[in-house]
Amino acid sequence: MDSSVVELYRASADDLDVARAAWVSQDEAAHAKEAEPGRVEGLIRFLWRNQHTSPFEHGQFTFIVTTPLFVAREFMRHRTFSFNEISGRYTVLPDRFYLPPPHRPLRQEGKVGAYRFEIGTPDQISLARDTIEQSTIQAYEAYLKMLDAGIAREVARDVLPVNVMTSFWATVNPRNLMHFLSLRSAADALFEIREVAEQMEHHFAQQMPITHSVWRDTAQA
Amino acid sequence: MDSSVVELYRASADDLDVARAAWVSQDEAAHAKEAEPGRVEGLIRFLWRNQHTSPFEHGQFTFIVTTPLFVAREFMRHRTFSFNEISGRYTVLPDRFYLPPPHRPLRQEGKVGAYRFEIGTPDQISLARDTIEQSTIQAYEAYLKMLDAGIAREVARDVLPVNVMTSFWATVNPRNLMHFLSLRSAADALFEIREVAEQMEHHFAQQMPITHSVWRDTAQA
Amino acid sequence: MDSSVVELYRASADDLDVARAAWVSQDEAAHAKEAEPGRVEGLIRFLWRNQHTSPFEHGQFTFIVTTPLFVAREFMRHRTFSFNEISGRYTVLPDRFYLPPPHRPLRQEGKVGAYRFEIGTPDQISLARDTIEQSTIQAYEAYLKMLDAGIAREVARDVLPVNVMTSFWATVNPRNLMHFLSLRSAADALFEIREVAEQMEHHFAQQMPITHSVWRDTAQA
Amino acid sequence: MDSSVVELYRASADDLDVARAAWVSQDEAAHAKEAEPGRVEGLIRFLWRNQHTSPFEHGQFTFIVTTPLFVAREFMRHRTFSFNEISGRYTVLPDRFYLPPPHRPLRQEGKVGAYRFEIGTPDQISLARDTIEQSTIQAYEAYLKMLDAGIAREVARDVLPVNVMTSFWATVNPRNLMHFLSLRSAADALFEIREVAEQMEHHFAQQMPITHSVWRDTAQA
């Protein structure tokens, strides 16, 4: 069974552009400041701390995300991204499903607004994994059976469970990427979307190391 | 089994506001025109035909939509709506699933970009309905079994199929509602989302009869 | 000369809807909680503190704002509003201009990112007010002269200064209204947009007293 | 005096990405189609004609626009762009103003919704140009006089007319760029914003020749 993978299709964004976009508001001579050590970092830190977010919008990341459908559902609630996803109407979805790994916490304790999660007992782990695997296999067989009988893909897929793997392009600017990461890499975010967010954060850190580090300081505060 | 239902929670929108918002661009005396017969309709027709869409944004509809998850997925790709949805993390999802009715076309003919759909043969109809029903029952039993064993709701729900019923608030302004309806009540839209769009259109027509009729003329053109 | 005025054209929003939209994510029984004292306020406080902002989007305020053009410019950078504005292409703009009142701070001290403003000396106050008034009168005469000569409004208005009064409809949901107010009623916001924001906040507080008070606590923190 | 200039700061967008993003919805083998002659163009044409606009969102253009403030006002009504603009609060705005060239139509005939514009008579042309120039010079002198007296930039600028030149970064994806161009290069768009739109279209055509040509066919229809 499968786990989530995030590839970077393309990034067109860098730290210097954030500073340059901010300097537009001042005189042109400001551009001379680029060469001064620490100047760009100081400005980025100032902008972020004071919620001057517009200079973080002139850049773009396109990710190719492969993840279970229940993660895609949560991901696509972010209306600041552009998406194109594999379609169960146009394609036979492949036999790929997500199975929670043993270290995935299985027990939810506490009440709404203050949940804690604990690793499952060995019995819970094997029950969860066996049950999900068997139910998934059964559902995919039902799917194939309908396709074989000439039923349209968009009807046959009704039986596919939300742990079926899906794949999509997700395009976003740095400002909205940071907003996504703040919510989806938080301690109370869904385990499976955190795995996606961590991979996205890795690409972000590679591409915009200063902005990433400034964001990280705030996110942890 | 269930079918989609759209309730109107609240509408705060009317035809006259469209005209008033447009008249803002001219002198104040324009408001005197409200009383002239046909004036409001003529203006709305002019605005829509010429893509002056901003006057259609000062109003709001809040719908409560109950529909299968695979319809919700397509619905929520519309980034101009505000959503709040029942959560499989916080709630045990009830035993409610969608089963395609006999008149739901089952056979997809033609190629990408030019599909046609045909009603299924009696054999196809019973095979599809039996298979979906049995697979759904099996999946829900697996869900309950995991919940009984103390597995967290957000893990147990991995097995639930995309025909499980979900429910959400969807709030939108008239301009973006019309855009949604143009795409989702079109002949090539998914059968199940058309059923949702038709109910939304009914509420829209009740609330803004002139704007609805102007939109309808264009949508059919 | 003129100062800014904000009228509320219509509000369709209340505190209870925020709670109801949030309860959608849980079971239906949650609705019974409406009657419990303090329950709605507690929930709104929890949602806001934890950045669960979507329940604050199911509502709408439409303001009619009359303000100088330089304030409108800053206002319309907020892309979450819907706008319709009086047009200098379609209308002769009336002879209404903004003149800074004597208590408007005139002196800017300090450096970028840490400006302070001080009240002007009596000499500065009269120089500023006289200069602005005379320049404005001269510009409006030039405008009328061109109109008299048959020059199109959209060309003649080129000479009008940015303190000319404009008027527009501004429609927004409660979530984005709070974001606007956080930025535009802050201590370092432009004096003239703060006057607009304060009037908007007054209408917001009347309509959604609990949400307003929760927002206020955060904004001051 | 000055006219509008649009520079391309950076483009990260090409025709092939549109096709690739669309192919995501189908099976992976679709990528093999890239090499077939005419395949990409055929697909782009199909997508645009059928309003499948999401594949046009995975790309980005950043323009540096220098234009009169009254054009910037209209430009910034487009909420799908990201902007950073020179600020009259932080900078002394330079002595640069727009003067309508002799071929700029000066006479507006007809009624609302069906205006025509005609070139001015020689008398109108010299009256308009002289009046605008003199009024502008007077206003800038008033601006400098206040700055000399220690009045804050954000107050002194109140007298600057809307033909003062401003400069901003404008970032947008291809889909929303085409929407902007459809409205702002139309025959009834403001003369001065058409000059801006034409320069933007030139950069767009260089970067995405197929998409541009498909868009152009529709825009002219």
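Here are a few things to note about the model shown:
Every chain is named by a letter (A, B, C and D) in the order it is written, and numbering of its residues begins at 1.
Just so we're on the same page, contacts are C-beta pairs under 8 Å (C-beta built on N, C-alpha and C of every residue); 3 or more make two chains touch, one makes a residue touch a chain.
Predicted, not measured: the structure shown is a model, and the values here were computed from it.
Rounded to a multiple of 5, the Cα-based rotation taking chain C onto chain D is 180 degrees.
In this structure chain A contacts its sequence twin chain D using mostly the same residue numbers, the overlap exceeding half. For this pair, chain C with chain D, the centres built from the Cα atoms lie 26 Å apart. A separation of 35 Å divides the Cα centre of chain A from that of chain C.
Chain D has its Cα centroid 33 Å from the Cα centroid of chain A.
Multi-chain contact residues of chain D, defined as those touching 2 or more other chains: 26, 83, 90, 112. Those residues of chain C that touch chain D in the complex are listed here as 68-70, 73, 76-77, 79-80, 83, 88-90, 98, 100, 104-108, 112, 117, 120, 123-124, 127-128, 131-132, 134-136, 138-139, 142, 145-146, 149-163, 190.
In the complex of the two chains, the chain A residues touching chain D come out as 9-10, 12, 21-22, 24-27, 54-55, 57-60, 62, 82-87, 90-92, 167-169, 171, 173.
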